[in-house]
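So, here's a batch of structures to check.
Each of the next two complexes has chain A plus one more chain, namely chain B in the first and chain C in the second.
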Partner chain A sequence: MTRAIKREAIMTTDLHSNWYPIASSSDLPNRHVYQAQLLGREFAVWRADDGYVNVWENRCLHRGVRLSIGINDGQELKCQYHGWRYANRTAGCTYIPAHPADAPSRTICNNTYPAQEAHGMVWAGEMAVGEVPALDGFEAATVLRPIPLNAPQEMVSNSLLAYSFADGCSGAPNEDGSVTITAGDGAAVRFYVQPVNSNHSVIRGILNKELTGSERLSSLKLHDWKLQELRSKVEAEAAQSEPLAPMEPVFARVSELLSELPHETTDGRTAELRVTVAEKSMTAEGIVSLRFDSIKGQLPTFQPGAHIDVHLQNGLIRQYSLTNGPGETDHYTIGVKREPDSRGGSVSIHDEVKKGDLLAVSAPRNNFPLRRDAVHTIFVAGGIGVTPLISMARTLNSQGHSFEFHYFVQSKNHAAFKQEMGEFDKALTLHEGLSPDETGAKLRQVLSAPGDSRHVYICGPGPMLEATRDIADAQGWPDGAIHFEYFKNTTELDDSNSFQLDLARSAMTLDVPAGKTILEVLRENGINMASSCEQGACGTCRVGVIEGDVIHQDVYLSPGEKAEGKSIMTCVSRAASDRLILDI
Partner chain B sequence: MIKLYDYELSGNCYKLRLLMSFLGIEYASELIDFYPGNQHKAEAFRQINPLGQLPVIDDDGLVLRDAQAILVYLASKYDGSGQWYPTDSPQMLGQISQWLAFADAITATASAARLHDALFYNHIDIDAARNGAHRLFRMLDEHLWFAEDTGQDWICPGDHPTIADIACFPYTILSEEGGISRMDYPAIRRWCDRFKRIPGFTVMSGVFPAGPAVDAA
Partner chain C sequence: MPEFTCKDPVALNLWHVIASVEEVADGSVQRTQLLGDQVAFTQRADGDFIVWRPTDSNSDSVPSDPAVLLPVQQKYGYIWTTFGTPEHDIFAIPEFDESDRRNIHAATFGVHVSAPRAIENFLDMGHFPYVHTDILGAEPHTEVKEYYVDVSEERDEIVATNCKFWQPIAAAGSTDGADVDYIYRVPHPYCSVLYKSCPGEESRLDAIAVFVQPVDEEHVRAHMMLTLIDEVSADTAIRLFQQTIFGQDKPILENQYPKRLPLDPRAETPIRADKSAIAYRRWLTGKGITYGVIPSAA
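Let's look at the complex of A and B:
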C-alpha cells in the first residue's frame, strides 16, 4: 500500500497510468525472459509454466544485474550472477545460494508492474489500472511483427497517420493514442506506439482479420516492408531534430518495507491476510486438504518448509505447513489430519470450515528452511508430517536436485496428496503399515550412508521423529545434517521457577514469576515479539541468549543447539540460573 | 590431435570451440595472449598466420586461418551426419555461405565495438561500429522472426542448426560488451536461447547458460 502511494506522489503524468503493449504474446515462449522498456524503465518479462505473465523491474535486488539475462525455470526466475531466486507472481526472493541454511527475509521482493494479455499482445504500465483499451472491430486479429525505431513516440504516431498499405487508405487517431488506418475495402490496421524512451519507440500493429497460410505470410511481409520504409523516413526526420534527454525513471533506493519500522501490534500472533476457502476435499483417510485463495491482491511469497497460522472460527490458532510447489503462488494449500485427541483445532477444520468461508491467516513463516546445496537429500515423512516435505520435494524436483522421499503411513488409504507426489514418483517410496520396530529397521537402512553434503529432513509424530534422530546419530550423521520439524510439543512443561530477565538492547530488567512465560512477561512490558505455535515447536519466538543457563523445554532446537545455550524459545523455556541476559 | 591457437575472450576462437564441442572432437588449445600480451602480432605467431589474427588450427600439418573457413573444414571433415554443413545440398551451401559472410560483418561491427569498450581499442569509430551492428541485427531479427513464424528454429532451413548459426552466435551474444543492446531484437534473443540448448553447448566468459527447455524439465 505504502509503495503505491509513494509512487503516485512521484509520478504525476497520465503516461504512467496508461496501458501500453510491450510485447506480442508470441514474444513470451515458456522458459524465456523477454527484455522490455517503457518510458525509460526497463522490465524483465517472463511467462511461468502456469501461463502467468510477470512484468518486473529489470534488476536483481542483490547486485543490480539485469534479470532479463536470468533463467526462467518455469516456476521461478533465477539471477545469473549469484543465483538468487524469485517466485512467480510475487517476485519475492525464495532462496539465496550463499546462505543455503537460511530462509530469505520476506521483505526481499522485487518491484512488479501491472500486466495483462489481450489481443495477442502483452500490456503493461507502471501504474496502469482498469482494463486495456477495447479493440472493437478487431475481435479476430493478426499481430504484425513489431518494428522498433529511434524516434519519439509522438513523431511516430503522426507519421503513421499517412500509412498506406492498399487503395484508399485513410488514417485516424483514436482516443487511446493509437492510430487506425482503414483501406477502401474495409481492411484495417491499428497501430500502438510503445514509448520505450524519449527517442525510442516500437510500432505494434494489429490487422482486423485473422489470416492463415500464404495470405497471412504475404500480408505480414507487406506490412513489415512498409513499416521499415516508414521507419527509415521517421528516423531520418528524428535525426534532424534536437535529441531529447533520456527519460529518468524513479528508482526507490531502499524498499519502503526495509526503511520502515514494523507496525505496532499488541498480540504477536497477527493474521494479516484474509482468504477464502476455495476448495476443501478429503485427500486421504482422515486428512482434509484446503485451498486458500486471496480475497484481495497477491498472497505473500512462501518458501518450501513454510507454515501459516490459521485463525479458526472457534478462536483457536493453529499452524499448518504449505504443500505448494515453487511458482504455485496464486493460492496456499494445507493438509489437516483429524486428531482424535484434538483440543478443537483439527475437528473445527474438518467439521466446521466450509468451502467459501472466509478465514484469517498469517503470512507464511519459514523456520524449516530447505538447503539446495546438498549432493543428496533424504526426506523422512510420518503421517501428516508429510506436508512441509511435499513442498520441499517439489522444489528440489523442479530444480533437478537429487533426493529420495520415504513416506511412512498406516496404509495406502492414509497417503495424502497423491497428485502432488506424482510429480516426483520416481523418488517416492511408500512404507505401509510398519510396526515401530519395522520402522526402526527401515530407517536404519534408509539412513545407512551419511556423507558430505548429504542432508536429512524429517517431519512426523514425536516418537518417530525421536527414533529417526537417534538412528541418524548412531549411524554417524552430523547434527547439522539432520533437519526436523515437530508439529507439537508433548513435553511436560514446568513453569514453577522465577528468575530475573535482563534485556541487553532494550536496557530493561524484568522479573519472570512462576506461572508466567518469558513471552508473556515481554509482552506485558511492551516488547513486541513474533510468535506462532506458542508451545515450543515452531521456532518463531526464538531469541539469542547472551548470558545465563537455560532450561530448554522446546522441541525446535537440536540437542547441539540446546547444549550450546545461545538461543531460547521464549514461549516455553526458562532460566536455570537466577538471571538471564537476552539479546533483545 | 587438432591444435587450436586460442584466446579465451575471442568470439572467433569460441566459434571453433563450440563446433568441436558439438561434434565431440578432441583438441588441444595453444593459448595466445591477445591482450595485453599482443602475442598474435608477434613474429612467432605471424609466421603461422601472416594476418596476425586468431584463430588458427593445425590439423595434422594442415594449417588454416579464418574462423568461418575453419568451420567449413571441420564440419566437412568431422561431422559424419552432414547436418552442420550439408555438402550434398547446393541450396544449403549457398545460404550458409551467405550467412558466413554476414557473420564476418557482425565481427567487423559488434566485435569491433567490444574491442573498443572492453580491450581499449581506442582508434575504432565506436558510433559507426554500433550503428553497423544494429543495422545487421535488424536484418537478422527480421529473418529469424519470419523463420520462427514458419516453424524454423535456425538461420538456414531445416530441423538442425548449421555452422551459419555457430558463426553468427558469439559476437551477437557478446554485443552488450560493446554497448549494443539486444532489447530491440526479441527474435534474436529467443534464437540465442535455442542455440544455448544445443547438446554440447559450452560457455565462455560473458556468455551464460540457458535454463532447461520445457521438454527437458
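Let's look at the complex of A and C:
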C-alpha cells in the first residue's frame, strides 16, 4: 500500500512538470478563446493580436466565471460577467468597470501557466520549465487532427505502441512520454497523449512530412480512420476497468490583501525592475522616445495613465508616463522632453542613456486613472503632457468609446508619437503655435459643452493646465469631471511650522519639526511609505486624514478634495492645526 | 422512512419552496427533488396541498397514512415544505397582501449551480451592463455607487439600501436613462427579495422575489414571484420580460466554478460593489450552513 501511494506521488510530480500539447495552433483563430483542460485543470487559451498565446486559469478571480466564455478583443480578455479586463501576457487586471474612478491594484492578477507554441501546437504544463521537447526529424511536419478518448492517458499511450498506418510499422516510447511509430518507408508519426483528466485523454499526433492539398487531406483521413479504430478498442478496454479517482485541481487562494476591501500600497521608492533600453529615437523636436524591455520575466501590468520612476545613471529619479496601448505588455515606452533648465533628469536621458543600457525602474503606479464610463471624453494635451493621454486615448479607441483629442504644440515638428496618434484618426486635432490668448479661446470652444458622464483629462505645462481648469470651471464643468496631472509642483513650499502627528491604526504619536516633511518623519520611525515624485505632483504618498486641518501644498488633489480635507500628500503638505490624525 | 441525503441540519430545518401552486392546478401528482431527495406533491379535493417522500419510484399513489406527510404551507403562491422542524416561520413579504397589487408567478428556471451562487447573482448590480445589456444596464454606465448593507439582528436578514444603478429605460415611457433605486433583502439563505422604483407610483416599490429550491448541492430550481403595481402590462409580457432576464443569467451561473459558493474570504476577489455578497457570505458562515457552499477551512 505504501509503495502504491509513493509511486502515485512521484507520478503526479512528473505529470505536472511535463509539457503537453493542449491545443492545435489552428484552435486559436483570430480573437477566439479556446477552452482546454489538462490534468483536471481548465485553461482559457487565447492569442492576442500581437501573436502571443496566453494560457490562463479558466476562472475570473472575481466570481469564478469561466474566462473561456469571455471576450478576446485582441489586447485584453474581458470577463463576460462584470467586464473585468485582463492584459495580454501579464494577466493583470487593468480595469474594473464597477469602480471606474479607481485604478485596480496591480497585484490582481490571474493565474497563468507556462505556455509555448511549437510544431503547430500549443504546449502547456502546470509547472513546466525549459523548452518543449525538441522533435528531431519533425522539422517539416503535418499536425494530425486531435482525437479525444474516454480512457486514461497511460492506457492510451500503451495502445499507441501497436499503432499501424502503413507497412512495416514499429512503435517505440520516447523519454518525454510520447510514442513514435515509424513505417517501413521512413514515414513517422509522433503521438503525445494529453491527459485531460483521470479518465479522458486526447491523442495529438505529428507526421514527419509537410503535406499540402489532397495529399494532406487523404493522410489526415487515413489517420482519423486508424485512430478512431484505436479509440473504439481503448474505450472498450477502459469501460471494463474501474475508473480512476477524479483529479481535483487546487485553486490558488488570492492574497490576503485582495480578500479585503481597502487598497494596498507598495512600500518605499523602490526600483524593483531591471530593463534594457531597446530603442531610443527622436519622436519630435526635442523629444526622445525610449522603449524598455524586461531583462528577465514579465513586466508588471500597467493601466492607462500610469507612470514609472526611472532611476538614472547620475543618481536622479524621474517620473515618466507610459504611452503604451492596451495589450502592449512586452515593453514600456516613455517620451522625454529635453529641459535644459531643469534639474538634469531629461538632459541625462537625452545625452547619456544609450540603446542597450541597463536601467532600474519602478513598477507602474497609476495616480491618474482613466474612467471608461464616460459617454464622451475630451483630452487636452500641452507639449510633452501628451504622454499619459496617449495611453488613455488608445485604450478608449480600442474599446470603441467616444473621445476627442486636442494636442497643443509649438509647431508640427514638436508633435510627438505621430504613429500612435495616427490611430485616433478624426478624433485628433492638432493646435499649432497658438498664443496664450488664442489657446484660451480655443479651450473655451473645446470645453463649451459640459454634461452628464462627460469627462476631461488635462496634462501639460502648469500655466496651461491652470488656464484649462479655470475655463472648465467657468463653463460649468463639475470638479469631479476634470482630471489633471501636473509634471511638477511649482508651489513655493513652506515647512516652517511644527505639529503633532497621531497615527490611528499604528497607535503612534510623532512630532514633525520645522524643516522636515511628514513623509520623512514617518520613514524615520520605521513606517515604510510609498512615494514617487516627492514634490506633491504624482499622488503616490497620499494618506487619509481622520482629524485636523491641512495646509495643502501639492498640485495633485483637486480644489474639492483639498476643501474636503480627507487626504494629504505627505511629501509636501502639513498640518494647519497643532495635531493631525492620519489613517495609517 | 429512509434517512435524508442532506446531512446539514441548517438546510434541513428551513422551509423550502418546491413548486408554484399552478404546477398542480389539475389535481395531478407531481414530483420534484429537494436537497437530493425525491418529493411528491398534489392538491387534495379539499383544496389542501400535501407533500410526501415517495417510497416507490414508479408509483404516484397518494399515501393513506397521514403520518408520512411532510409539513406544508401555501404562501406567496408557492408550496413550501421542510425536512426538519424550522425555528422560524416563512419570512414576511408584506407587499404581497396589498390589495391593489398584482402577484404573478413569473417563472421556474432550472439552473446547474448552487443556491447561494444564484442568490449572489440576484444581489449583484455590477453585471447589469454586461449580462442584461440595454435592458437593466448599458455601457459605459457601469459604476456601482456606494450603498449600505446591514444585517438586521432582530429579523436575522441582510438588507442593502440606497442602491442605485443607471438603467437605459428607467421607467416605462421614458426615453432617457437614469439611476434606478433598489433595495435588497436576504431573509433566508436561499431566498431574496428586491424592491425597485415603481414606474406607476413614485412613492411605492415593485417587489421581485426569488425562492431558490436546492434540488441538490449544485442544481436549483429558481422560482420568481413578482408583486407589482401595474394595471397596464399583460401577464404574458411581464413573464416574458423576467424570463428574458433570467435566461441571460443562466449561462453565466452555469459557468461559475466551483459551483458551490466558497465561503473562504480568500477564494475570490471582492470589490466594494460586492459589499452585500460579502455580508451574505459572512452571514452564511455564521449560520454554519454547509449545503451548497464550500465552508471556510478556518
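The rule we apply is simple: the second predicted complex is superposed on the first by the 559 of 584 C-alpha atoms of A that agree within 3 Å, B and C clash if a C-alpha of one lies under 4 Å from a C-alpha of the other, contacts with A are read in each partner's own complex, and residues count from 1 in each chain.
The working rule: a residue touches a chain if its C-beta (ideal position, glycine included) is under 8 Å from a C-beta of that chain, and two chains touch if they have at least 3 such contacts.
Source: prediction; values computed, not measured.
By the touch criterion defined above, A:His401 reaches chain C but does not reach chain B. By the touch criterion defined above, A:Pro29 lies against chain B but remains apart from chain C after alignment on the C-alpha atoms of chain A. Contacts of A:Pro148 after superposition on the shared chain: chain B is touched, whereas chain C is not.
Of the two partner chains placed by the overlay, only chain C lies in contact with A:Gly64; chain B stays clear of it. Of the two partner chains placed around the shared chain by superposition, neither chain B nor chain C is touched by A:Pro246.
Residue contacts after overlaying the shared chain place A:Pro100 against chain C, while chain B stays out of touching range.
Within the superposed three-chain model, A:Gly526 lies out of touch with both chain B and chain C [touch as defined at top]. Contact with both chain B and chain C is seen for A:Gln80 once the two complexes are overlaid on the shared chain. When the two complexes are overlaid on their common chain A, residue A:Gln37 makes contact with chain B while staying clear of chain C.
The interface of chain A with chain B overlaps its interface with chain C at residues 42, 69, 80. Contact residues on chain C toward chain A in their complex (touch as defined above): 120, 126-127, 129-131, 139-144, 251-252, 255-258, 262, 264-273, 275, 278.
If you check the complex, the residues on chain A that touch chain B are 23, 26-27, 29-32, 34-37, 42, 49, 68-69, 71-74, 78, 80, 145-146, 148, 202, 217, 220-221, 224, 398, 400.
Interface residues of chain A, counted against chain C in their complex, comprise 42, 58-59, 61-66, 69, 80-83, 96-101, 108, 251, 253-256, 258-261, 372-375, 401, 453. Within the complex, the chain B residues that touch chain A are 142, 145-146, 148-150, 182-184, 186, 189-190, 193, 208-214, 217.
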